[in-house]
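Each of the next two complexes has chain A plus one more chain, namely chain B in the first and chain C in the second.
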Partner chain A sequence: MVLEATMICVDNSEWMRNGDYSPSRFQAQSDAVSLICGAKTQSNPENTVGVLTMAAKGVRVLATPTSDLGKILACMHGLEIGGQMNLAAGIQVAQLALKHRQNKKQQQRIIVFAGSPVKHEKKMLELIGRKLKKNSVALDIVNFGEEDEGKTEKLEALLAAVNNNDSSHMVHVPPGPNALSDVLISTPIFTGDGEGGSGFAAAAAAASAGGVSGYDFGVDPNLDPELALALRVSMEEERARQEAAAKKAAEDASKQEKGGGQHAISQDATMTENKTNDLDDESALLQQALAMSMDDPEVSHDVRDTDMSEAATDDPELALALQMSVADSAKDSASQTDVSKLLADQSFVSSVLASLPGVDPNDSSVKDLLASMQSQSDQKNEEERPNEEEEK
Partner chain B sequence: MSAESASAVHKGQVDLLDFIDWSSVECLNQSTTHSLPNAIKQGYREDDGLHLESDADEQLLLYIPFTQVIKLYSIAVKGPEDEGPKTVKLWSNKEHMGFSNVNDFPPNDVAVLSPENLKGKPVLLKYVKFQNVRSLTIFIEDNQTESEITKVQKIQLYGSTVETTDMKGLKKIEDH
Partner chain C sequence: MACLHDHSCEDHDCSSDWSLYKHIDLSKISALNEATPGSVKSVFKAWEHRLNSSGEHLESNEGDPELLVFIPFTSDVKIKSISIVGGPDGTSPSKMRAFINRDGIDFSDAQSMQAIQEWDLAENMQGVLEYQTRYSKFQSVGNITLHFPDNFGGDITKIHYIGLKGEATQLKRDVVATIVYELMPNPSDHKTRAESGGGLSHVG
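Let's turn to the complex of A and B:
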């Protein structure tokens, strides 16, 4: 939440044509720039970000520090690649641009993408670094692309000269399957000196990691343990939710085509169903609720309504209300309304469970109950299916 | 020395410590461990163990805004004999100066500190130039021995306020 003005120095030299970062180094860099701009503006609405290019015909400021995200994204389009990166000039121009920022209360920060060899002497870089420190400008360096001999050393020297109280960072991104932006998300460049990782970064990371269950979150727990923990917890919750939803799907109708991931989850669920526990009062309640929902005309063959599912998850009360309204209309299997889609959706069950007081969806007994329900209803569904298909 | 400080603190001149707007005080190129409050805050500045130190090189740029308009009469800078400041330039009412534009505007006053000054003897300023001061920028250009680091133990500003707290100043004289 630090009020900050940032200048991003983009490397658009010839070395950026290389494809070792997919789709190309330059594209990966552009994505990273967009992400950074978003993160900065979101962490504090008064933050401003500017962009300049360091290569091609010379250092050129594309956008002075502004809080208008659209302007920055627009200026990243149609950039020409060529020439050689001029790191020293780029940093100095960035410093000048920051000096003339409108809101003098903002802290000054420069983010440099160093993808090509550094032609300057180490001494010169140290001098520049000291000048930055003197004017209390922080510097973040993203070292990617070319691994020149001495390049890392020079950048380390620059960082040491600038670094004041750990406000400046350097990140090495080796070429690999992970996108440049994904790797950067977990670094202090995004999380802002570890001030409780920005919500933007965490959300972006969770979105990329939680999509497929069982995916090893691409965040190194060593780099950012808080973020890794948050990801792990969110994945556990997601997994529990999906398991419950998978069972719901299986009972409603296997006619509903869930994604491949869902099948995998339902398989996991069936394995757990081998454990049987005694049903207590809560389970009885659950059973009633499930029976009620199953009696409702579940039609929607056209399933994969992820948006709907998320909507239902987000608003369990809505799902409940919709369920009640559908229960009234009853036995209208032909109606392909959104309502029925919502009901048919497996996440409905998890939301119902969540809204029931005293029920913990993650409770093993609940899970087992659902599993047993699923196995019971499997046969029932197979009977139902031919009926409903006739109706359609 | 007490006689001379008395002459500096005369005609109702008070220590302007109470009128400093602490929320906006800034200092460029200070070291994180030895920062500006060590030199100007009550209690800290009396402690000789605490001092303000420069970081990357020997220059320091201080920005001190005031809560009300004041007139500046004199300034006392205390520091070690070898690493204490030498040339001190002052600007009034110039906001957000940086090291790059210290040469753009002529300073309202320049003080070259002698070792006597560094022991605490105040330097009388061009009073007429500091009649209407909302903020003060102090640029310490170099130190006594051209060393890498400049150290300042205490900075004291003497002057008077322009508005109604003249009564306070008068009261001070009565105490004498």
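Let's turn to the complex of A and C:
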């Protein structure tokens, strides 16, 4: 929660066209800049962030230190790439911009993205570093992009000259599959000097730790929150319905308590299996979710048609009530028919049982239960069919 | 403008004169170009301990003798004179420039601005030298910034003690202690007298 004014020096030289960081070095840099701005303003609402460019038309201050995130994101948009980076001038202009910050109580910090070769002499950089240290300005360097011989050495000399009590850091990001912003999140640039990370950084880290293909439903909650929410809600509804079904099954027969749980779990297993198959296809997944929520009326539809078609047309409320009461038992039968087939497959059942904590598939009592369950489910099916015929 | 104590300190308690350090807002002291962050707080102590060089002291960075010390007070003070005890072997500061009631001065500001008063310092190892101020200019000091641009030839500048003599008034500067920020007006926070049942005149 340090009160800080930060100036970010963006490298928009020709070297930033390269694609070794996805999608391009410049894009990766922009993402990192927006992430840093967000983290700084979240950790302390009075923090201010400013941006300047070091290449193209020369060193230009795009935004003086401000706490308005929108302004900074807007000025990052539409930046041109070109020319060569002027590191020394960039740092000096950043220092000047910080000197004229509105709130003198803020600590001064400069964050430099050094993506292209450094053409200045080491002595000059050390001189600049000492001047920064004298005015108690901290410096963070993000070393990425071009791997010039001597570049790392010069930047380390600069860091050593500036560093006062470990308030300045340097991060080296090699090209790779991880995004630049993801790598930066875990560095002291985000987490501050041992504060343990702001909430923003922690949340962002958790989101990215989910991995590119490891999200709950194959959908990034940040990219498409509505879809993710819809999927999550339908999954929870399905789970709730299955719990109700399991409870109903447990009430029906004495020993079915354990079996009902297994029904629900194996049902769950089929559902999730289907889901994982379609995980890559978003629209198919949405269809699945919709289909599952439709499942309930579909199932009850059949029963209603066979049992109470006349009653339905006359009294919709009565039909609704009947439908709801039948839905449970209908689901039961539906689930039982599905499940009985599954139960026939002994290997599947044993694998499901093995995944249950505290259940040993080789236990004799479990095996007995399985056998009794199968016979019971067959019995139930036979019972229900004559029932339906009678009601007709 | 130095003057020496010409009385023995037994029958006059000097320490009570140099008690302005009690009115310094220690949490907000800052210094630029100090080697150890936070070491500046150690130079403000009682008169008796001014020669005590065993503890922490203020040092500048290697190869750079400039120092800038920002001293805020808890209330406005009047400063009569200043005493500086430096380090040995040329590490004592040789010049001192003072700025009054200016926030956030850094080295480039200090070098370009006109100081309110400047002194040439002598090596004051025994702590008996004090430098008088133009008292009329130091009447209501909320904060003072001391700039030491040079020393007596040492690689770094060391200061063991900064003493301030004067008196404190009870006047305080910016007392904006509790502010309630409102993003939107909240009528319940702004009850008028009529609504809360006060006031002399009632209608009806």
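Here is the rule we use: the second predicted complex is superposed on the first by the 209 of 392 C-alpha atoms of A that agree within 3 Å, B and C clash if a C-alpha of one lies under 4 Å from a C-alpha of the other, contacts with A are read in each partner's own complex, and residues count from 1 in each chain.
Rule of thumb we're sticking to: contacts are C-beta pairs under 8 Å (C-beta built on N, C-alpha and C of every residue); 3 or more make two chains touch, one makes a residue touch a chain.
Worth saying up front: this structure is predicted, and the values here are computed from it rather than measured.
Visitor: Following superposition onto chain A, is the placement of chain B relative to chain C best described as a clash or a fit?
Guide: Here the two partners, once superposed via chain A, clash with each other.
Visitor: Determine, under the contact definition given at the top, whether A:Asn165 touches first (chain B), second (chain C), both, or neither.
Guide: Both partners.
Visitor: Going by the contact rule set out at the top, does A:Asn44 touch chain B (first), chain C (second), both, or neither?
Guide: Touch status of A:Asn44: no partner.
Visitor: Just chain B (first), just chain C (second), both, or neither: which does A:Lys104 touch?
Guide: In the superposition, A:Lys104 contacts both chain B and chain C.
Visitor: Between chain B (first) and chain C (second), which does A:Lys134 come into contact with in this model arrangement: first, second, both, or neither?
Guide: A:Lys134 sits against chain B and chain C alike.
Visitor: For chain A, what residues appear in both contact lists, the one with chain B and the one with chain C?
Guide: 99, 104, 130, 133-136, 164-165
Visitor: Flag every residue of chain B that touches chain A in the complex, lowest number first.
Guide: Result: residues 28-29, 32, 55-57, 59, 95-96, 98-100 of chain B touch chain A.
Visitor: Could you pull out which chain C residues touch chain A in their complex?
Guide: Touching chain A: residues 32-33, 36-37, 61, 64, 66, 103-104, 106-108 of chain C.
Visitor: Could you pull out which chain A residues touch chain B in their complex?
Guide: 99, 104, 130-131, 133-136, 164-165
Visitor: If you look only at chain A, which of its residues touch chain C in the complex?
Guide: Chain A residues touching chain C: 99, 104, 130, 133-136, 164-165.
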